[in-house]
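For clarity, chains are labelled A, B, C and D in written order, and residue numbers in each chain start from 1.
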């Protein structure tokens, strides 16, 4: 950590790999975090890497990075970089993260951690051995309303948790003519379960802890898709369009899980209902500033209550001083960055780190196995 | 069928057994059907039976029945009765329905059909052999909005059906102090799956047809409950408080199923989402006059649309001439009565009849077995 | 009141005039009230009148009336009739009600009470002088959820009432080709304010009491309409398509009022928000079994709560033993009938009676005057 | 405009006055606009002013400004500043904006433009005379969903506009113990109408154009408030707690207006319904990523449709590539900054500029006069 000349706070140099949508989301988040959030260190945009050197340089200038690299390995080795942020396609997470760990850098990697459980395991073990801070981009759990949900559950406001109904559906693959992409390749961690469902598994674990056993059913609705938009060439599709599962939590709670990328009408429908012996809580990410809560009351005077995000939740207060003004997707990312900086500065780990991301991959693997073999699978057997 | 003196329409005599909530709901429904619905025969309230003869007579007068019986067998044999309506506790459905079938009467029986699959099978076979008309009180499917949902699905408006997410939750057993009742006894067809879930299974079959295989998980959250309200005497509970399942439809659709009687906040939450290759449809019975539908459209101009019940649906038009005025629970029952009268008069069977009710019981049995043995169960094996 | 031979309760003979939609709604409501509601007297369907004698007889048989009349005056004079129910076009309310009052009968009249304020005043004075019980069909206020709203307001749960935002919009005249009907004639108490707005005025008075002063704006959007569906003949329209107003309540509360019959998308949108120093309450009649309530709470833990109709409200309990099952439009009418029977039996007047209906007409007259003269109008000046 | 050394785009230096919530919101917005939005010039954070020099320097460093000033006049005169952004209390808008205009700088001023109509008029005339670009922070109209609403209205998708129901309510002054602040002083442009209502008037004009005449009612519910939180010293309050009004648009549309800062339960409830001869559109800013639209359709198949913000709207696409991910309050501010930069670069004025802000003040003045004199007021007379 370098001392900034103009302030007593240390400075952390970011090396960002990737300039796609998620790269820009990172850039936006670093800037917003610096401007709006209390951070123990100042974020410095040290370097940006993209294999296309012209694009790398253009984005570096547009986004405020000091320099650009066409070779990500140079970025990893750059001494001005203390945190390596990885936003490249999934199959590159492993080599990039392993190199960063080897260089002793903190790693901030987009989900999924890797394209195989073995890779994910090696990554988490290596990070632990090297003692580097890691964080994986399950950004939705940095939503202050999710933080509130967790507080309520932990404080026992819902009593003992009895059930979980969770779903993450979108419809971007809803049409039979939605074309093939790398997301359709199992070797790139494709399919609805990996792409969307993993966010929901992360959420379920974040809120309710370990899952012990799963049973599942997965299927491919469109077994071939155009090779590109409008193409007549068709490619066979082997990954799941949708996966449904039953979940048994270590706590005794039971539930259902659904993940689909072809459920028409849904655009960002990570939703859940969590019910306990004292109440029920529901969330739908298409309205990410809201939570609905029910607690038993006098007959005729009880009912679900809509909670609107407001400054009573610290992450919200940093961006808006009054309730009802609403955070957006990008601010969840900025809050994720804040968690990262806190962790790198040794001020608590809100995660999820590589170990937790590996647990999420284990769970997804168990679901895939359960669907494949049409039987219950215990997590202990994965 | 007797000729009514004052009209050319024939008259059908009803013999109603039971004077509890459901008995009164039948009485209300017969009256509303007569006054509001087009019927090929006039309903005549011939006789009412209750083991408590004073209550039988009091209710008969209040509800407009010609006479009362303390002995239901007399009612069944009464030549003025053409339709026997059974609203007694579940374990009595079998002897009463069998007697009515033996007497050649049409039978209108509340759900569940029986307290065992063997009974249900015997009842449906006997009815078929005797050639009597039967109908079982899965009243929710007589909701005009459910009729509209079925029309849309059958007309292919949603394309090929891909997924079903269904839930029927209430919370009347939500408290650990909610007392034991006959609903807590497996021998009386108790438990959340039988009590609530069976309505959802009926709905799933009504809308999407046969289910081929199921996997399930069931559990009892409160393993003992007070013997009566406020009692210190506790009774052990063996039936499910909640059941979750995976469903595979013969059509290829896949889905999830949840049923609970302790999910806080829900009062009549029979809800489902049905998604196909061309759209999605959602329903929540706590707003029974609404249906939400999504069809893909121009980007930024599509979205879920709320349909409000209105006179475009025939069953609604009979009760309200303008949309937005809303039917209530009791009017669904009157529409069920209309279906019954049409069936008895040979004008089509909208059902569900005893055979369909037996199929629903088979499905519930498969779910119970799958939960018990923690494995997938094929319906063909039941 | 005659003694019924078969029960100790007295019997009240109904004479119903009119066989249109509202006539049938009355018939349904009498039947449901008899079967489901606790009444101090049994309702007896004594006579039905319609100028078309064949139709009168046919409906009498279908709906269970003892006899029919082509001449409504015979019905009014029939000694078996104790209550005259008037469901004819608005301009007939006056002569029929006046005849019934003269005959010493109770009168149950649909809204609006009359086609002029002078008529309404004469009707209420005559009824008072004759000492007969009267009731006017502002049925929406018999909704148990409206009863709950009034209880809450009266108990001070919202503190001092500060504001009222009310609207009653439908869209049945939304198209320029929606044809002329008697509702388009001022002489028949036509226009959106009289047809729909008067329900909202009744509600505002029922919940918040007297209104002292109004200012208003009214306009006719389609100044001519086809004489009949599809006709090329156009008729000039003078009544309002929409009226907006400001209201000042005697209590000090202030508010807005809107009434339209051409606001697209609304089918039965009688809605209001009532806010006080301690909370806010909202209602939308397109979901008549719901009420939303807000009370200040801990920051981040407060929010609007949805109350679902349930048996905690007596009127609901009579029809459904569990919450969430929902009443329909016709059951509100049955609850209105119960209020009528209680009033006729001297057990309290829930109203609104002719005097209250005249007050509602006075208010509508003030709004019309304010709109015409584009100035504030004090109710004392009407 | 300076040429940036590292790119062909020119650079615009921002001088920001004020470091409160709105100052930080500006800083965030400049950063996000630079990183995410297509701008014809690069934004350069040249200088920050605050009367408290230590705070000015601290914020300058935290937010990335090159230098700080305790004296705002120095900032205005700084040649590196091309745009003066004013986020100070309302009574300072006038001197600061006039100085900036005199210096030939573009002015970006928070609302309301001034504390009197005379000031606002002088400001707009001066800006016009000086030929400087101006923009006022009615940020809510930069919401892409509001842009969509305007597109729909302008394209005639709703037909001729018939009615407007608008409300902007919050509850931050809901308690009698909510203390006095400068917002309670008329001389500082206080009161619910000025503070909140002006946003709604801006919106009404943006969507539907000129308003010709108004009638209004305003009142102060709590006529005194504590001088500070918890204080026993009470201050008399003369400004409105709530204002209701009737609006007549030049287009012929009519409507209602409500503005309150003590309507419990509302946190950011700028809402409206706009209805025309072909459809209706509704919006509630507590869900700023949504719009509801109704167009007449086949009976039983029409209904309100929820549109979710998505990349079909350009402003959204810049921040999120997929629908349903949601913009937040701060991104509306960044879009406002984009409009400003486009205007300064001569690429169209999306406004509102000082002239439009003066029109909004004229309208608010007319409403205040109409409420005070209890009569209709024509805008031509203001």
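Here is the rule we go by: a contact is a pair of C-beta atoms (placed from the backbone, for glycine too) under 8 Å apart; a residue touches a chain by one contact, two chains touch by 3 or more.
All figures in this text were calculated on a predicted structure; none of them were measured in a lab.
Chemist: When you check each chain against chain B and chain C, which touch both of them?
Modeler: Output, common partners of chain B and chain C: A, D.
Chemist: Going by average Cα coordinates, which chain is farthest removed from chain C?
Modeler: Centroid comparison gives A as the farthest chain from chain C.
Chemist: Express in whole angstrom the distance between the two chain centres, defined as the mean CA positions of chain C and chain D.
Modeler: Here chain C and chain D have centroids separated by 43 Å.
Chemist: Return the distance between the CA-based centres of chain A and chain D, expressed in whole Å.
Modeler: The mean C-alpha positions of chain A and chain D differ by 34 Å.
Chemist: Distance-wise, how many Å sit between the C-alpha centres of chain A and chain C, to the nearest whole number?
Modeler: So the centroids are 55 Å from each other.
Chemist: For chain D, which residues are shared contacts with two or more other chains?
Modeler: In chain D, residues 266, 302-304, 308, 310, 323 touch at least two other chains, as defined above.
Chemist: Classify the chain contact graph as line, ring, star, complete or other.
Modeler: It is complete, because no pair of chains fails to touch.
Chemist: What residues on chain B touch chain A, complex-wise?
Modeler: Of all residues in chain B, those touching chain A are 162-163, 165, 167, 171, 174-176, 215-217, 219, 221, 241-242, 244-246, 248, 252, 254-258, 260, 262-266, 273, 275-280, 294-296, 302-304, 374-376.
Chemist: Spell out the residues on chain C that touch chain B in their complex, using ranges where they run on.
Modeler: Residues 6-7, 21, 24, 27-28, 31-32, 34-36, 61-64, 170, 172, 266-269, 285-289, 308, 310, 319-331.
Chemist: What residues on chain A touch chain C, complex-wise?
Modeler: 148, 298-308, 310-313, 323
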